[in-house]
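One chain, chain A, appears in both complexes that follow, with chain B as partner in the first and chain C in the second.
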Partner chain A sequence: MVRIKYRYLLCEVCVSERSGLQMLAERPIYDALRAALGKAHGAHGAALLSVGSSVTYVNAYTGVVLLRFRKAHYRLLWSALPFVTSIWSRGQKVPCFFNCVHIGGTIRTCQKFLVRYSRQQLCRMLPHCKTEAEKQEVRRAVLSCSLNKFREEEEDNDFGEDGEETEA
Partner chain B sequence: MDEEPSSYERVAYKNDSVYHYMKICLIFGNERKPLSAEQFKQLIISGLKELYGEVGAAFPFDVLTFDQFVLSAILRVYNNGLVKLWSALTLIGSCENESCAFRVTQVSPFLLALSGNSREMEVQ
Partner chain C sequence: MSVFMDLNILAITDKKKLQSTIETAAHLGYSTVAINYVVEPQQKKQQIPKPESVTELFEKFPIVQGKSRPIKVLNRLTVVATDASHFRPSNEYKSFDILAVYPKTEKLFHAACMTYDVDIICIAVTEKQPFHCKRSPVNGAIERGVSFEISYTAAIRDSTMKKYTIANAINLTEVCKGKNVILTSGAEVPIELRGPYDIANLGLVFGLSEGDAKAAVSTNCRAVVLHGETRATALGIIHTMKRMQPTGQEQEEESPAAKKAKVVKV
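Moving on, here comes the complex of A and B:
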């Protein structure tokens, strides 16, 4: 009844080479966000970030990041996402770009969307598969996309990952 | 001349003005040489940039008049930018490493209201 409402931004991180994806972690992303907000929206924006915002989920294999903002000012913080150009992680600078695909009120709705979205991405990847074995892998992964209790994540083809949602 | 009793008509404006006008004054801690109008505007923009970033500094406002010896000015800003501009003016503390402060004398949606000031009015 009386609870603090959040908005969860589901973002996809696009990097130029795949090795940069391994560098994704919560702290570097948060620092990059705060720097971008400080430049774009000044002290006011950086202060709004410190109230109830966090990087909730980071998946280094698929490049999915879930950001949590307060409902009161999530639009201002959302507008600073295009200003994030690189992430400093482990002493290296990784140029990247945040692509926001969905905004949900709870983590569960974001997960449901992510399953549907990953299935569409897999179907788009199918024509690019090079060998028959990879095609089989992708088809199997598409059929098994669901919110299950616990499933292992598997890598299938060169273009990397399947989008099966893992639940701990 | 025939004078007819004028009919009484009441006109109510519900915030008819798009702009707000602010009369402000810049006060320095020590004496210093007068500023030009461009430097004055640049000082306000730098204050906006510090508090509200690039997006805030891009908000349009105008310096309508400027007196470079008394360092007083009349600013014009859109209604939705008034709070940002006023808060940025409040938090400006220094100009080129010299401590200074902005005093806001009057704020009004109508420019005519800034011509009279009951604080400085002398009643004969």
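Moving on, here comes the complex of A and C:
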């Protein structure tokens, strides 16, 4: 049995105003991507997007988006990503751009990276804190973010199946 | 180790906007940015602008994503040349860290590649390049260490410009075989910037190979910055810098006489 291999692009949606992030959803992002691909690579690009590509995960609070493409042609699809300038959502235009931070073979590796990355972001926020209470809050958040809790639960659940999905 | 650089952020008078653009660049992971002043001598009475002191821009420079160092900001001058008289080396050029020229005719392109003392040669992105890049001047430029710049903001703004950008870029990369190409933004507002990995991948559309595309946002840019430094320091042989007088004297007194003599010789 050979599975179809995918590439997961962990992207960060950068907006000029934070309120725009609340408008994010799977469908508008997919539509924006399809429009950009249609413009950049024409019918060929649109066709490649329609097989096996999807928006797997959207976090409307942090603006993190996980895109799934087939491994065979993810580079072509990725090259259209810089041309996304806005997302139409609920009748409103949200100007934004995608910044790809990680490419993984599985959702799991992306999740691991995301924890590390988010932790870095918290550390970057620390010098910007104004009050002592805010600082304490960020420090506590930095210490608490890890996948350990998840991992323990996972190991309890599927003992012996460890490492089946990991891919080099 | 690769450090990403974006050597083209348009200088705008609105300081707040410029600050937010540089902050976004730091967030995306660019370690060095250059503020680009464009001068077009064919318009009458256009003076070469004085670069604003970089230290005045920020009280505290934003920290680069994934690094612990603050972002480095340079000044860059782009001369748009339509006539041979437009580019003449003068003292005003010396206050900029990087010097670029945007030749509009084939003759000037040849001259820029072979003789002009510049770091970057810009390639047209908003119009079809009126001439074909010939192999001999391009090879000459590569030998001298001058780089070619492709800026991607125009491609993002408009789909016709995208066509021109890709056409001109492929025209260039076929001749220079992916060597000495840099990819820069040319952004005015933060929303026009893109992440370094996205741009490295975009290089594939411009006809660069995977390795060349990555070099176009990292090592080639570093070469440009160093080339800019050599211009100011007599080919990098002599480098003068001010040093604090009191501490310098103390050091000299402490060092033995033989060592001191050596220092003087160098």
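Quick note on the criterion: the second predicted complex is superposed on the first by the 146 of 168 C-alpha atoms of A that agree within 3 Å, B and C clash if a C-alpha of one lies under 4 Å from a C-alpha of the other, contacts with A are read in each partner's own complex, and residues count from 1 in each chain.
The rule is short, and it goes like this: contacts are C-beta pairs under 8 Å (C-beta built on N, C-alpha and C of every residue); 3 or more make two chains touch, one makes a residue touch a chain.
Small disclaimer: the values here were computed from a predicted structure and weren't measured.
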Check whether A:97 is in contact with chain B, with chain C, with both or with neither, and answer first, second, both or neither.
-> second
Most chain A residues touched (candidates chain B, chain C) | C
Of the two partner chains, chain B (first) and chain C (second), which one does A:14 touch, if any: first, second, both, or neither?
-> second
Pick one for A:52: touches chain B only (first), chain C only (second), both, or neither.
-> neither
Now for A:40: first (chain B), second (chain C), both, or neither, which partner does it touch?
-> both
Could you list which residues of chain A make contact with chain B in one structure and with chain C in the other?
-> 39-40, 79
Chain A - residues contacting chain C, complex | 14, 16, 39-40, 75, 78-79, 81-83, 85, 95-101, 120, 124, 127
Interfacial residue positions of chain C with respect to chain A in the complex = 24, 27-28, 63, 65-66, 152, 155-156, 159, 162, 190-195, 197-199, 201-202, 204-205
What residues on chain A touch chain B, complex-wise?
-> 37-45, 79
In the complex, chain B touches chain A at residues 48-56
